[in-house]
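Paired with chain B in one complex and with chain C in the other, chain A is shared by the two complexes that follow.
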Partner chain A sequence: MNNTAQKLETATPLDTSCYAAVTDAIRKEASRILTDGTVTAVVGYKAGRRAGTTMPAIVTDPAKATELIFSPACVNNLALYLTKAKKDVVKKGRVAIVAKGCDMRALAGLMGESQLKREEIFIIGVVCAGVKGSGAVNGEPLTTGNLARKCRECTVHTPEGADLTAGTLPSLPELTPVEAEEMARLDAMTPAERWAFWKEQFSRCVRCMACRQVCPFCYCEQCLCDKNRPQAVESTPRPAGNMAWHIVRAMHLAGRCAGCAECERVCPMDIPLNLLNRKMALEMKELYGFEAGLTPVEKGPLAEYKDNDDQSFIK
Partner chain B sequence: MSRIGVFVCHCGENISRTVDVERVAAEIGKLPGVALATDYKYMCSDPGQGLLKKAVAEHKLDGLVVAACSPRMHEKTFRNAAKAAGLNPFLCEMANIREHCSWVHEDREEATAKAIDIVRLMVERVKKDKALQPITVPITKRALVIGGGIAGIQAALDIADCGHQVLLVEREPSIGGHMAQLSETFPTLDCSQCIMTPKMVDVANHPNIKLYTWSEIEHVDGYIGNFQVTIRKKARSVDMDKCTGCGICMAKCPQKNIKSKFDCGLGTRPAIYVPFPQAVPNTPVIDRENCTYFKSGKCGVCAKVCGPGAVDYDQQDELITEPVGAIVVATGFELYSIAEKPKGSSIKGYGEFGHGTIPDVIDGMTFERLASASGPTGGKILRPSDGREPKQVVFVQCVGSRAREKGISYCSKVCCMYTAKHTMLYKHKVHDGQAYVFFMDARTPGKSYDEFWRRAVEEEEAVYIRGMVSRLYQKGDKIVVMGSDVLVGVQVEIEADLVVLATAVQPRQGADSLAQKLGISYDTYNFYSEAHAKLKPVECATAGIYLAGACQGPKDIPDTVSQASAAAAKVMTLFSRDQLEREPIVARVNERNCVACFSCKKVCPYGAVEEKEIRDRQGNLIRVVAYVNPGVCGGCGTCQATCPSKSVELDGYTDEQVMAMIEAL
Partner chain C sequence: MHAEKQKHDFEPKIVAFVCTWCTYAGADLAGTSRMQYPSNVRVLKFPCTGRIDPVFILRAFQRGADGVLVSGCHPGDCHYMAGNLHARRRFAAFRGLLDFVGVDLNRLQFSWVSAAEGGKWVDVVTELTERIRAMGPMEEFKALETEECWSGALATPELQEAYKAI
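Coming up: the complex of A and B.
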């Protein structure tokens, strides 16, 4: 379930013609900007060890630009590698990053939070028809059946504001918004049912913290949840601490989350974390008219007080 | 292990009436780390403080909890006592078992249990308290006075005479305020202009006063001793440096029939005008709404006739930022109007008095203009409707004031006296006229006030009728006043030529928005709140801001002048030192954990957070972190709550302390 591909009966192949063109464009551009010294490194994807898979890669040598690829298996949000939490990944200097639309939202968010400067990065925006969900078989073609859940409702297939945008978008079919339907189902529950639902979900959490490690917005070098004097969140995987951790995570991402759903993808226990992220985003939209977008916002809705802010939550 | 001393105060009976203080002391005495727990009738008294000091030495205490009233009341007292006993004052905390407990509960059992809880929390907090050192910040010895009425003028002159720079900001084209509009003043009947205008000239000529007229406060930043004030200097359309005040522009302006606000709409003025001949500064302003040039682009007569070429149609509003150390707010009042109020408004108009549609029903200030020698009638009392001399005048007191059904329950304080004065002025000018006054009570506390009122009744033959007026209506050229005389017990009907309403004194429109800019509190009527009704009547709860005059509550001239001088004295007390000691309750950044997201900087209401670069010995930039300027930090803790990595802590309120308090519950 969750980020896992939806095995729908009517799975039809998607037009993946754009990926090869995007790969070409990335290689050409990476080679050019590494050669002329525009950037010192390019953060992108290269083929994984197993056929049909990919992995994040950092290329500093123009000769190795040909290793870079883009395919439906390029699931990772590379914005992560530019944050302080991964400070040793990219050495000093201007770097280029391959970014899908969803990743670019994260980059914009990081800029708004003073973590990145636009002039210090070179964005190779890529047109993306979607990436595979985590249950898809390596090497199988991208279909409406094995598409990641987030991609079914994607609004940023073609990123804007990049230094270069590679590829042209093929026509894509209308897809059922599986995640939105699931959210509606949860919304229809009584608070007690919803509490039971999440209690069950969080009871599985093993506190591996993969969701935190993969999140581009969890860039704190010292997470408050690891502090023990005073201890805010119990660190062992027990129900109270699990609940506390997931609530802290969701609240800390409110008004910030870019919706890349990486947390949900990496969760070994299949906890549908993106449902929480999206619910928070929805609250932000309803309360403050705020949506995480492609332009950096210096003061997010929760960092600003306006006279006309909704006060109805104080009763 | 800590050695904490806990002192439970009876506060006379204020606390001990509902809280079993002895049991509180006994229970708290059992807590680990508490070396002494005792109770005393008045901890704040000299023997009470003595008890505390003695205990510190005798029991080698390293932390104190005084369970008594609110820390706003006596935290300073006990911290000073702790200091005198050789303890760092910030190791002494108060547990509020009065306002938070005994005053709000009735059940003795429950109140005692709650008091024990409150004290227990504070014991946990004190255990984790750290010794803090006070912070010193420089003081900008320059004051801002907002409002150029008698209050602002008096405060500005007093501060300036003491040798400090003063900025006086007035929103109208001239200083003077309401007092400049008055005819004669009670209880001595001296001419208001005669005592006011010399003070206005003093302000204009004072080397230490910088006058900003036709200006408003746009924005206020900073804190006591270090405010940054942005003043909007509205476009006057006349160059103040070039204008000589000859007045030819006003004489030649073809627009002549604009109702004068200064004359309460009775007189007229041109579009380029000074509000009254004695205005300070004597520089006209173009009223752009009514000026032909601004409306149609044609005319320009004033510019043509102006010798020095001072008229400047292209002038723009100017924003000026000035540093000041203290602020005196003296924005004054305005009169309640009986006109219909918007729907849903908490204050209602007087439909029974015609909502202000009867021309010969006027308010007290309009009567002042009629009686004033410099007024539109040259001091003759004439009816606004037909210019006839009224032979029967009815004065109605408490219109709006003390009228809960109209939304105002307070007494406007000045009306009893000025109505008595009005009857006299009327009698002096219209010898065969008769004044009637409808009143609830004649309130005349003040030096020579009652004598003054009795003179109006006994010597000047004003007929005082105790009772309320129920209705006013026009009948021919008369106004029928229907009221009751409660002393005789009859209904009264008087056909009057003129009716003067003593309408309530209200704060200025927009008083609330100025308060928000300044960060000061105000009551339901928008009168500004003093820090303590009795002991701090001129200070605001916001440090460095003081109140003068009717913006704080209805006041007559003597009271206003006294308060203005008191506010000035407070400012001078502040300016008597070069540095200000501030409480070290400020935020501190853990630079090792800060990830420089600057969320703290975005939310800080004081602008205290800066970006700090950390460099190695070679000067290479290692990282950028947030830095809280302790001089600017107001200690509100918003940054602490916002910081995602919990890298900001407020001294005295650390997460560790708050968590310990929660766990103790």
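Coming up: the complex of A and C.
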């Protein structure tokens, strides 16, 4: 399967010593800001019901700050909980959020799109050596074998611009960029081969819409793909509708996607969605010099234009 | 006198999404000036190229178009100031995406045709029609449209096994 953690034969354990220190720092800071009233809630992670798993948690009571943790199982991008679609969380007042580097890119994107105001949130940035990919066994230690694909090429292990950055980064090994290699493999194919590849991938899609629900940028109150009068995209999991859905999804996130790869993680059918995201990110970079980063930009690349934009493809 | 209409084995269906202010007027000019161009093109009029959603293009391909043309005002001429400039970026990105999923970009043409360019409209449409004619029908999206994920038949050993296991 494609995006399941790469079962490399030489899986070596990764240095995960930083996670305990990060957990301590999160707890201390959460307790402090909840007690002194800086924030009314902290969105973070707590231990899941099964050993070795975690789940998102919203803590409002300083006494419960000790429930918060950070571990390689903290896969979720919590920025999702701060979008307008989840009004209940933000309504509470100023909210703190535990954010990995890739999550902070999503926060920056949401601020750029006026979904969030910097002064409304308190960012507890965490130093992150990586999280587990889908398919990793609960409780098994983080290794180069079960690391999420996105983390192999991460450039934001230590996020900047947070109100507090918890932990210090251990030295991390150079890893083969599995996803970039996959991109190169696809690029080298003929269009017909690529079509066959994606047709096969998309044919598995069951249209559960998990990829949409988990994306911080899919906050539309009415998704185009749910409309049926007129229907733009067929909503049943048939080949035509699936192809259209995936093209529309990639298109609507172009220039906005933070590359958190949450869509790919939650996909029950193992469809390598982040390849599409990366393709669009690459286009945005090549065409308009735009890269999703940690600083909010007011207008994304597809929300603005320049007089001298490339038009070599237009007659 | 009209030139004898040539018979071809394959008449491509071309859908043209055009803006009402420039290209539609340009096509109209071609018509009122009695210029000949292939009748393969079906023109759909929009207020602006900025209103032409990429999903319309997908829809056209799904419903049997062999080629798609998107055409509007030249940069600087947009009735709404910058609709075409936004569209330019959007379609540049969309082309990249279509290429990545394996659509032959020769089937998708963009052009700027002003209200005075009846001749250019004829050229663009003729060239696109001939190119698509040479390429043959667009099968990919049509195949998706007719394919079902599962026909209901227990056609493979895996399905039969799964059925027995119920």
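Rule of thumb we're sticking to: the second predicted complex is superposed on the first by the 307 of 315 C-alpha atoms of A that agree within 3 Å, B and C clash if a C-alpha of one lies under 4 Å from a C-alpha of the other, contacts with A are read in each partner's own complex, and residues count from 1 in each chain.
Everything that follows uses one rule, which is that contacts are C-beta pairs under 8 Å (C-beta built on N, C-alpha and C of every residue); 3 or more make two chains touch, one makes a residue touch a chain.
Since the structure is predicted, the reported quantities are computational estimates derived from the model, not experimental observations.
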{"item": "Fit or clash between chain C and chain B when superposed on chain A", "value": "clash"}
{"item": "First (chain B), second (chain C), both or neither touched by A:T12", "value": "neither"}
{"item": "Which superposed partner A:S171 touches (first chain B, second chain C, both, neither)", "value": "neither"}
{"item": "Contacts of A:Y288 with chain B and chain C, given as first, second, both or neither", "value": "second"}
{"item": "Touching partner for A:K84 - first (chain B), second (chain C), both, neither", "value": "first"}
{"item": "Chain B versus chain C as contact partner of A:K299, first or second or both or neither", "value": "first"}
{"item": "Touched partner set for A:C220, first chain B, second chain C, both or neither", "value": "first"}
{"item": "Which superposed partner A:N228 touches (first chain B, second chain C, both, neither)", "value": "neither"}
{"item": "Chain A residues touched by each partner, larger count belonging to chain B or chain C", "value": "C"}
{"item": "Touched partner set for A:S114, first chain B, second chain C, both or neither", "value": "first"}
{"item": "Against chain B, colliding segment of chain C, chosen among 23-31, 95-103, 113-121 or 131-139", "value": "23-31"}
{"item": "Residues of chain A at both interfaces, chain B in one complex, chain C in the other", "value": "224, 232, 304"}
{"item": "Residues of chain A that touch chain B when the two form their complex", "value": "84, 113-115, 219-224, 227, 229-232, 252, 298-299, 303-304"}
{"item": "Chain C residues within the chain A interface of the complex", "value": "53-55, 58-59, 62, 75, 82, 85-86, 88-104, 109-112, 124, 140-141, 143-145, 147-149"}
{"item": "Residue ranges of chain B touching chain A (in the complex, touch as defined)", "value": "592-593, 595-599, 602-603, 642, 644-647, 655-656, 659-660"}
{"item": "Chain C-facing residues of chain A, complex", "value": "186, 189, 191-199, 203, 224, 232-233, 237-240, 243-244, 246-248, 250-251, 254-255, 276, 279-280, 282-284, 287-288, 301-302, 304-305, 307, 309-311, 313-315"}
